[in-house]
Structures are given as structure tokens and as C-alpha cells.
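In the part that follows, the structures are each spelled out as C-alpha cells.
Presented sequentially are two complexes of chain A, the first with chain B as partner and the second with chain C.
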Partner chain A sequence: MAQATLAPEGVTQALSAEAVERISADEPTWLQERRRHAWSVYETTPMPTTKLEEWRYTDLKKKLDLAPLRLSEGTAAPDDPAQWPERLREAMDEDREASGHIVVIDGHVVHADISADLAKQGVVLGSLQDAVEQHAALVEEHLATEAVPAEEGKFAALNAALWTDGVLLYVPKGVQLEAPVRITRWLTESGAAYLSRVLIVAEQHSQVSYVDEVLSDDFESQTFTSTAVEVIAKDGAQVQYVAVQRLGKGAFYQSVQRTLAGRDATLDTLNVALGASVTRVDLNARLLGPGANSDMLGLYFGDGSQHFDFNTSQDHIKPNTASDLLYKGALDGSSRAVFRGIIRVYPGAQKTDAYQTNRNLLLSPHARADSLPNLEIEADDVKCSHGATVGELDSEAKFYLMSRGLNRTQAERLVVMGFLGEVLAKLPLGGVVEKVSRVIEQKLAQHEG
Partner chain B sequence: MPQNETIQDLDLDEYKYGFVTEGKPVFRAEKGLSEEVVRQISAHKEEPEWMLDFRLKALKVYESKPMPTWGGDLSDLEKVLSEIYFYVRPQDRMQHSWDDVPEEIKDTFEKLGIPEAERKILAGVGAQYESEMVYHSLREEWSNQGVIFDSIEDGLKNHPELFREHFGTVIPTHDNKFAAMNSAVWSGGSFVYIPKGVSLNTPLQAYFRVNQERMGQFERTLIIVDEGAHAHYIEGCTAPVYSTESFHSGVIEIIVKKNARFRYTTIQNWSNNMYNLVTQRATVAEGGHMEWLDGNLGSKLTMKYPSCYLMGEGAHGEILSIAYSGDGQHQDTGGKVVHVAPYTTSSIVSKSISKGHGRSTYRGLCKVYEGAHHARSNVECDALLINDTSRTDTYPYIEIEENDANVGHEASVSKIGEEQLFYLTSRGIPEEEAMAMIVRGFIEPIAKELPLEYAVELNRLIELEMEGSVG
Partner chain C sequence: MSAAPILKIAGLQAKVADEVELGILKGVDLEIKPGEIHAIMGPNGSGKSTLAKVLAGHPGYEPTDGSVTFAGEDLLEMEPDERSLAGIFLAFQYPVDIPGVSIANFLRTAVQARQPEGEDLDIFEFSDHLTERMEMLEMDVSFAERHVNDGFSGGEKKRNEILQMAMLKPRLAVMDETDSGLDIDALQIVAKGVNKLTEEDPEMSILLITHYQRLLNFIKPDFVHVMVNGRIARSGGPEVAIALEEEGYKTYEGQEAPSTNGSAPAA
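Entry: the complex of A and B
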């Protein structure tokens, strides 16, 4: 107790006020101040414990040790694909058509491209550090202000204080991108803390899909990756945000995401979590204008001792808004998944349509799933429902397939793929479906072996 | 019927149990909770030393536990508790003959229809007034078969071994702050034992009445249903309407042994100034069957989650919960099912209605421990919102550690369907009546499980509450 008053929780040799000053030394004053403010919030916010409802099933005392972490300090790799890691290139090769690319290696944006035509129309895709200079007004207005401010929680504060790089995507009014923009990240430094941000601003009636994939090999010691994602869809805009997490063992993947959907905007998200030892995603969808709509999809496959914790919320603030959440996961080995979701219908948000479904498949006797689908409804003219299930493989489906000549292994794989495939079928982005299916197939192969 | 009579009826019926009975208790402890009060309670009851120790330890546990920050709004509770009487003794000793019950207490229960109910069909009746059971009776045919239906105090006196073996085993003192409080100051409640193979074909009924202002009632009930026995227990609760808050915190422990079957029905209709924080739990052994039927209509705030711990193979637990929240009311209710053994099954069905500024919350747990293979559980929650100021919440917890289990939860929230209303009104049914019909249809799956007189009462209440909700 006495120690806690001396050093605020979570302040370490690497994560310190000095680090904030060092990182922001050459930055504009507004950003320096924003970082210092975030740091003070971080210092005064206690580390979440399992006593907090939202952290009930993820004990950070056991799952995360900040003390030995250092801030990633690798130098930027060259903008030359020949010198990039093979797995990163493989991942990019699997992507089909794209409107633009960003490659991030160890926290440095080493490559950014956007089709010349889109650039001419004013689309911006690039490093957030560069954007602080080149698009100062835009970044100052939106970065860690309305979507994920430091006050959002301990990790949001840490990220806002110490982020080193990230991505800015800006789509001007009425511009529509036919192919997605693709972000591929690769991490190598074991024992490092990576703090990164994503800011997406889609102006009125624009349209864009954003796919962000992060991967690594296994780490020898715990490696922490923190992402703060801010997605703003103005009136009538259509945005898809997709995050695919394929980190190696030893990674602690933490992501705070908030989406703000304006009048008649469509803002859909998909979170795929396949890797990392611990995954914690906090996703808040805010439906701010009448007619706004959010589909929220999630997919996870756990094995070994992987731990997943999804904390989602659907805030219906204005009338005539709709949201539909579907999170599905399969759990093998002694892996564990937690889903905690809440639909909030604010007073006056009449004609809300809100749905929430979480389904878990337990493939092993030691796997565990906890599901907490919550509702808070303060308007009466609404349609809201939620459902959650935890169960084993559908034995009838398995029996049917085996009676058609498939062996047990094949039948089980097919049933699991069918179960999880429902999520991917709802957001059939080229490249993502194939890639995710392949990784799940690999994981399933280990199930039998 | 003349107009003025109708209005008068309505006035009474808004909360028809709100009357106060004049009368002086024989003893009343000081306001608030202290070691002194606990010792006084124990002394009045001439308890064995171990029970006094049990109470004093529980008081320590109570003091060490923080006030819950979840659930309903308990921010005023500390103040309320410092102002209430924890122990009020209405008469010197319990009566077994209705004629011996003091006149003013008898009046109260007669107004509530207790002797009438007894005359009808009940196997036994208990009545609690303030802190003590004032009346307990059991039909001879059942006492001859070894059935025990007594006040909890007499249970301790007359059946010390059976009592001590089971008391506090289902709900330990440290379970939660209010269970600890009850363990320190419990007074009144029933002690029930149904011997092996005995099957009660009519219910036992207990009636709880708080009459005094600023009164805390802490009944403690212990029910043991031995192997292969069957029984049904009903409790009802009412209190007068005062401007100050009252407090009720019961602890109900039920042990359902092998292949036994038990149903516990509560119709809680406390006045709207009552905090009602109750812990109810049953352990169910192999092949046993436990049902909670929980109706919460009254109180200012109720926090109550009847639980089934399914400890033996093939045990079954069922919770049917219905809540009504009007202006100023918050029903934070639900249920818990915990699957410890294989082949256990459970279901929770919850229906709530929120009207005006009322708030209904479903809060529940379904837990399947590793090893409880072939466990099956299903939870269904439906909420009906009458006005745009009403509120409903659903907070289910599903914790599954066993892959060979199937657990499902579903919830839906709706308002009274315009199409349904339109259909009924197009058939010439006035709108208010149509609304009441729809609400009755909504709660029907639970109402049909109630004993007839309660079902009628519930339906009547719904009708009354629907008046004036059109507009």
C-alpha cells in the first residue's frame, strides 16, 4: 500500500513521464500537452482489477507484467519488400486488390502507398506521425478527443501518452474506395511495448474498407501491444473496420476501439483474434445520428492456454438506429474466452433495433467460456434481444457427415468451419476470408494431432 | 355500481395492505444494530451458547463487508439502517391456536385473509408479525407422519441436532453482507422437515407482516426435504405504507435430498417503502427437483436471486421469476443455477413489466463446473416496457468450464405491440382492457403455476396497474 502511493500503478522504468517528454520533444505544443494530460490521467487511474465488473475474468496481476517492458526502439526498416520478413510478405501476397497499403515494422511505418487517383481526390493514407505535421488541423481535432480520449481507461491513457506511431486514413466527402486499404504490421522485439493508434475519418457519404492485420513469431518474454482505434463516420458514410490479430505466443494484445456513426451512417467492424497469449478488446459502437447502423462481428479460435476477453458496448443514443452484434468462437486445449457485451438504449432512442449474439464452441474438456450479454433499455418502443450459447460440437451434424463417408477428423473440421464461417460470410472481404479460414484449419489440424 | 363507489374501491386497491394496526409490542430493542442488540435477541430467545457465538461472529463479518456497489441504489441504506428497529417482539410466546393470538394481530391477519386460507386447503400455516412468528399450526395428519412445521426458534429448541446439522450450511454467514446481517439478528421464519417418502399434497404457507414504522424484519427459514419427499411452501409478505423506509432481509436455506421434490413460492407485495434484500438458496441432491417461483410486485428495491446448487447426478433446478416495477420501484431479481454434478438440468424463465418510472433488472448466473458433463441449462428473459420512462436491464452471467454441456440464454425487450392492441380494439375491447389482456398473456406462463388465489390476485393487480396507462 505504501509503495502504491510512492509510485503510481503502472509507472515503470520504460513507461514514465520522462518517456513522454522524450517522445514528444519535437512535436507541436498541442500534442505535447495532450500527451502530458494523458500521462497524468494514466498516473491517477488505478490498474484495473477483477473487482471491476469489466475486468472480472481477466486478472491483470497474473496476465500482464509491465515492469520488465521497454519501449520498442528498433530503427526503421528500409522501404524495400526484399528486406522485409518472409511471413509479412506472405501475408501481403494473400491480400487481393487494394486501394492502398501501409506496412508497419516494429512500430515504424516503413511503407505507404495510395492509388494516384484517390490521392488526387484528397484521400489520405499514411503515418500518423507524418500527419501531425501535414494534416495538423484534422489530427488535432480528432486524435484522442471524442472517440478514445485518455479518460477512457488505464490503457487508453497509456496509449494517448506514449503512442509512437500509427495510421491516419482520411476520406473526403463523397469519395468511395472500391478496394480496401490494407495495413500489415510485423513485430519482432521480444519484451517490448508497442503503442500505436489508428484514426479513420470518413466524411459525408464517403465509403471505405480498412483491414489491419498484425502478426509475429512467438516471443520469448512477454510483449505488449496496445492499439487505440478511432473511427468516425460522418453523415451517410459507410465504413468497414477489420482487425486481424495473428500474433505469436507471449504477446499481450490490447485494443481499445470506438466507432462514432453519424446520421444514416453505416459503421461495421470485424475483430478476428487467432493469436497472442492474451487478447483484450474493448469496442464501443456509438450510434449518434438517426438512421445510423452498426454490424459488429467477432471471431476467435483459441488453443493451448490462450485467453480472450471481448468487452463490447452498443450505445443507441438517437432514435431509429440499429446494431447487430455476432461474436463466435471455438475453444480448444485449456483456452478461455470471455464475452461481455452491453446494449444501451438511451432515453428517447425510440425505434431502436439492437441485437447481440455470442456463441461458443468448446472443443476440449479443459476449455472455458464465460458470456455476459447485457441489456440496459430506457426507451419503450424498441426491439432488442440477445442470446448466448455455450456448447459442444453438434453431434448430429457430425454424424450426418460421417454417414456420408467423411472420417471423424474431417467431419469435425467441417462442423467447426461451418460454425465460424457464419461470421466471415457476413463480411466477405477478399483476402480476409481465405486467410482466416486457412489459419483456423491449421489450428484444427493441431487439435487432432 | 355508482361512480363514487368505484373510486373508493380504487383508492383502497392501489395497495390494499397498507393499513396500520394499533398495538404495543412487549419488547423493542434500541434503534440500529449493535452487539448489545444481538445479545438481547439471543437472550430473549433463550438460545444455546453456540447460537450466540454464531450471531456475534456474523455481526463481525457484516461489519467487515462493504456495502454492495452493484444492483440497486443502496446509497441511503446506511442511514435507513441506523434508524430502524432490528428486533420487535409483538407477544410473549407463539400460539398454536388462532383464538389465543392477541386481538389486534388477529385482526391484521384476518384482514389479510390468513385464517380463511387455512380453512381452505393448506397443510399448515405460519404467521410472522414484526420479528416473531405469532402463530404456527400444522394439520394433524401431517404431524402424525413426522412432518415438522414450526417457527425457527422452536426448531432450534425442539430439534437441536437436526437444526444444527443443517443451519448455515447452504448459505454461510460470509456469503454476502446481508446474509451476514441476517445471521447476526435473525428472528422468526420457519423450520420445516419433511420425512423420507412423505408427500404433502397441499401447501404449507407462511405469512410475513411488518406493521411498525421503521422496522427491520430478518426471518430465517430452514427447510429439509428428506429422500423421496414432496412438498410445496408458499410465503407472502405485506407491510403498511409509511413515509419512512423499512427493511427486510431474509435468509432461506433449503436442502433437497435424493429424489425429493420441493417448490418454494414467494409472492412479495411489500409496500413501496421497503428495502427487500433476500438470500434464498437450495442444494439439490441426486435426482432431486427444486423449483423457485418468485413473484416480486411490491417494495422500493428488491435484490433477490433464488439459487439452485445442483450437487447430485440428475438433479434439476427451476426458477420462474416475475417482477412488476411501478413508479419509484426497482426490482433487481433473477436467479442462479450452479451445475456441480453430471446430467444436471436447469431452466430460468423471467418475465418483467416496467411501468411509469419503474425499473426491472434481470440478473442471473448459470455456471457449469468442469466435470458436470451433460449439463443442460436454458435461460429466457422477457421484458415488457409500458412507458417511455420505464427502464429494463438484463445482466446474465454464463460461466462454462465443461465442454460436454449445452447452455443457452435468450432475452428480448418489447413494448405492447401496436398490432396486438389494434386487433383487440378493433374487436370492440376498450384500450385499457386490451392492454391488461396483453400483459396477462405475457405473464401467463408464470401465473398459471401460481395457486389459484394468488393467480387471481396477480391478474387483478395487473388490471389495476394498467389503468391510466393509456394516453
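Entry: the complex of A and C
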């Protein structure tokens, strides 16, 4: 093999082959090999540039500097709520009923609980690192194999090579969780790279809602969080995956998500992005079995110079599958959003119903939204549509509300909440709606202040 | 009848905000006392809807001369929300839809805005009151959960305006072509609602703006004014409307406004 004269792109002092070896030192061989493979993919995959259509509006050269990052090495916080940060506890207190909780502080799962009854039925909710030992066969089968393998791209490869901890949720056949499981993550280390994974496997005819919230204060220097999310809904399973991102300034939030829906499975997702300086979400919904169905919801509210980039695909692989995507965002200050979505209907996937809508509300003359919907259809008996809008706050609506005694702030808030509320109304999980509404109201208050 | 007027308009001129010239209101004079019902009639383009919007503080119109005093305060200095809190209500000719915002939520916010500083609205009391008002207006309670004017029929929009009026209890309601686009049944329901409100609060004043006499069969005005070319050309009692119905607006074509002030004659 020829010696490379230049270091491969993205290899730094912290993000290195040595780090892969160090992290995996005590891990089983299959996992060590998987990490090494991922690392080789990472080394040989170029860093995406704006020359690639999928990265046209997010210039990593300007937005992400991997060189100074160190891998998060923080020690695990105690499993004692009294010693957890106040904002973390507040976020948890706002959640209503839950079937189980996971608390992740600086990349370490510090707490996991699941109701005794569900545990007895075989439900597993816990640290992915622990699951490597305790549920080896399950993890080996699904981790970075069929959903988000290293080959998915530069960041997927980096994550598969260097992830340190994450969450495993396993729901056995026929088991139904009435209340969601709640994951709350808190990050403190400025200048760190956090690489984490989520693996959800819902067996046949099971039912579960998973809500993952990440938050932090503002960071002094750029902090990178990478999450690879793999959600597998077997035949007839019903799964809701919700990610709520409330990171502080200075965070670069990157998430690769793949959902695999089997025959007659329902696999819905909601991505809420409120914080971080840069948000990049790659979501691919794969409808693998006839009758599979995915609702894909997204909501974002930007201010300051926040940058959001959503890259979605709806892959209809089998006939009689349905997907319905609705991403809506409001943008204030000089914030910017990019939505790029594609509906792919594979040959033979007849009777596909696929819809895709992206709507943006600009609250400031300096805000900007780009929407790039796309279709790729290789079957002839399908119903597909896509639409995108970028609009401004309706001044007649504002006057109408003010003429009823609402002040300017209240009027704007009502219009914006009404606009975004359509998304939340489609996935009314207890606690999420209120929490997201409150955060948006805080942001709106700053806009007028 | 020596009560002070609730609304006093003197020499009001106004134009479209972004245009340099072309005034629409060219010197309007009008006085309304508490409890009085006035109607302004006029042909299309006479400025009557502009007057309604200027009174509510629509940002698209700019007063250029004259004054408007409401309950002793300079109305033109006030923001639209301040005017509402002071007691002016505009029933819109074309109510605006607010997708995603329920009528209940909207009205709760509007009623909350009327609470004394720092006092929270009693949600249960509010909700009982809303139900009671909806029943009075013969509306189904489920209406409150619908999004404001979103996908409403013309009749539903106008009824929604009356519901808001019933909840916000203005001192002066300006009703801008509330009759337009309504069939006779819907018109009667709307008129019945307005009449109930004026019975409840005999001090409430109403300014009806309409092109047709039809509405005035159901809501009886004390005074009728004819507006032509940005001025009030004639003022009188209900007989003015009846005459108009027979003669049409032709009589007023090319006519200059009288030099007297157009305020309501003593009843």
C-alpha cells in the first residue's frame, strides 16, 4: 500500500486510530473489528464539501474545526439527582409520565431506570456500553450494520469508530409501553467531541415512544456532538422517535438517523431543533415492508446566527407504503435554514403514498430559508407530492390580533406558535408540546426585547 | 341628552400610508354619545371602510389632519392594542385567518390582556363565560376549538366577530360591512346577537358601516350618515336610510359635502 503523504482529512490528535484502540481496549473482538473498519472508512472518505449537492449550503470548512477538539474524557457524574445540574433536573421535571428514564451527563449514562413490570416483560433500556456485554447478540446484530453503517458517510464512519456510550432500547414482541421512555442529556465540556449512538429495536407488534432531549449552556469554544440513531421497527410495530435539541451557542449538532419500518409497521419521527450554532440532521426513512408507514415531523426556531440543515429521504422500497413529511420552522435574526428532501419510490413499490412539505416563516429581513424538495419515482401507480414555502409574518394577522388588545409581542407569539403548532399537534406526546412551546416563547421574548 | 360624546371626530383627513397624495378621508366630522347607534352609508370608494380602519389604527392608513377623541383621549396617538383596551372594537369586513390558533386560546389571551397588571385570568370562569356567550349567539361550543377564521364560511367569520365583541365588551363597536356576504338567516343571527349586547349594556355605542339599508331593518340606528367622497354629505334619522333605499346614491354624485359639521343632530 502506498504511503499517504498527507494526513487523511479529519484525522486529528484526538480523532485518531490510537483513540479507536484505546476506547475499544476492553471490548469484544467483533466490536473492535467493527470500530477499526469504521475508522478505515473514515480515513478514506473525504470531508464533504459544498461541491456536493447535499452539503451545498453548509460549508464545513467554515462551520466545523475538528482540529482543536478533544474526545470527551469527563468522569461519570454520580447517579444522584441532587448532584445533577439544575437545568437537567428542570427538563426532567417537565416531563410527565414516563415508562423509564436515562440520564446522560457528558457522554456517560449515569442513570437508567425502567418500570419493574416492563423489565419483567423483557424490555431493555440502558447504556449501550453495558449492552455490549449484557445483550451481545442483539447489539452485534444491529449496531452499525443495517441502519447506519460506517459507509453512510464521513460522520457515520467517525461515529461508528469512536462512539463512547449511548442508549439501547429493546422492546420484545407484543409488548406495549403506554408512556414514553425519556432520555435527558446534559453536556458541559467546552471544546469536546461527544460521539454517541442510539439503537432502538422494537419487535413485532410492540409499541414504544422514545423522547431524547439534549441540552447545555453556551460553550466558550466549539463543541461537537455527533449522534447516530438506528431505529428498527419489525412487522406491525409502532414506534415514535423524538429528538429535542436545546444546546447552547457554540455547539455543532450533527445527527444521522435511519429508520427501518417492516411490514405494516408505523415508524414516526419528530426532530425539534431550537439550540446549537449549527444543526445538521440526515434522516433517512426506509419503508422496507408492505404497508409500512412513516410520519416525519420537524420543527425549528432559529435566531442570532443559527444555522440549520435538514437532509431527509423517504425511501419507498415495497408497495403500499406511506410517508408524510412536514418540516416547519421560524427564523429570526440572521438565522438560516436549509431543507433538502427527497422521496424515492423504488421500482415495484406501487401504491406508494408519499408527501413532503417544508414551510418557513421569516421573522426578520436578515433571516433566510432555502428549500429543495425532490422526487425520484420509479413506479407508475403512486401518489406523491411535495411543496415548499418561505413566507413572512402576516401583517394583517398581526393587526387583527392587536385590534383585540394583544400587544405586538403577544400577537407575534400567537401567530408563530400557531404556525409551528401544526407540527406538534401531529405528535402530541405529553410534556413535549409544553416544553417546546415554552422554549419558543422565550426565544420570541428575546426577539422583541 | 347632554352626555359627553364617547367618540368625537373632527376634520379627520387620512390617506393610504405609502402613497404621497390622494387622501381618502377629506374632513370627517362625527360625534357619537354613549348608547347611540349610528350608521354610515355610502357608495363603494366613499371612504367609509377607511374610516373604520383609521379608528382601529390600521398601519396601512395615515391620518394627515384633524382629530379623533375617544373617551377624552387622543385616539390617533394610540397603538391598535391600546385602542382595543380603551374600548374600541372593530368587527372586520374581512376577518383574518390565524392558522393553528384556536378561538378559545385567542380569546383567552385577549381577555387576559384586560386583567389588571399581575392578575391571572381564572381559566374556569373564562371557559364558563365563553360557553355562555356562545350559547347566547346560538353557536356550537365546539366552535371554540376551531382555528381562528381558518376555513370558515362567510357567516361563520362574521359570527366569530360578534362572539369576540361579546367577550371583549367594547364601549364602541365599529362594524365594517358586517352584512356583506351574509344570507338573510345569517344576517338575522348576527343582528340578534348585536341587539342582545346593546340590551345588556345600554351604554355601548355602535357605528355600523354598510352599503345597504338591509342591515338597518334588524339593527335600528338612531342616526344615519351618508358618506360621499371622503366626507359626510348628509346626516339625519332613520329616514335618511329609507330615502337612500329609494333614490340610491345618485343624488349625491358630484355633490360637495355641506359646510356645516356633519355631527349628529340633537334627537
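By definition in this document, the second predicted complex is superposed on the first by the 444 of 449 C-alpha atoms of A that agree within 3 Å, B and C clash if a C-alpha of one lies under 4 Å from a C-alpha of the other, contacts with A are read in each partner's own complex, and residues count from 1 in each chain.
Convention: a contact is a pair of C-beta atoms (placed from the backbone, for glycine too) under 8 Å apart; a residue touches a chain by one contact, two chains touch by 3 or more.
Note that this is a predicted model, so its numbers are computed, not measured.
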{"item": "Superposed partners chain B and chain C on chain A - clash or fit", "value": "fit"}
{"item": "First (chain B), second (chain C), both or neither touched by A:17", "value": "neither"}
{"item": "Touched partner set for A:366, first chain B, second chain C, both or neither", "value": "first"}
{"item": "Chain B versus chain C as contact partner of A:388, first or second or both or neither", "value": "first"}
{"item": "Comparison of chain B and chain C by chain A residues contacted", "value": "B"}
{"item": "Touching partner for A:47 - first (chain B), second (chain C), both, neither", "value": "neither"}
{"item": "Partner chain in contact with A:31 - chain B first, chain C second, else both or neither", "value": "neither"}
{"item": "Partner chain in contact with A:407 - chain B first, chain C second, else both or neither", "value": "second"}
{"item": "Partner chain(s) touched by A:347 [first = chain B, second = chain C, both, neither]", "value": "first"}
{"item": "Touching partner for A:397 - first (chain B), second (chain C), both, neither", "value": "second"}
{"item": "Distance of closest approach, chain C and chain B, by C-alpha atoms in Å", "value": "14"}
{"item": "Shared contact residues on chain A - chain B and chain C", "value": "none"}
{"item": "Chain B residues touching chain A - in the complex, by the definition given at the top", "value": "70, 368, 370, 383, 385-415"}
{"item": "Residue numbers on chain C that touch chain A, as the complex places them", "value": "56-59, 79-81, 83-85, 89-90, 92, 95-101, 105-106, 109-110, 113-114, 147, 164, 168"}
{"item": "Chain B partner contacts - residues on chain A that touch it in the complex", "value": "53, 347-348, 350, 360, 362-392"}
{"item": "Touching residues (chain side chain A, partner chain C) in the complex", "value": "394-397, 399-408, 410-411, 414-415, 417-422, 425"}
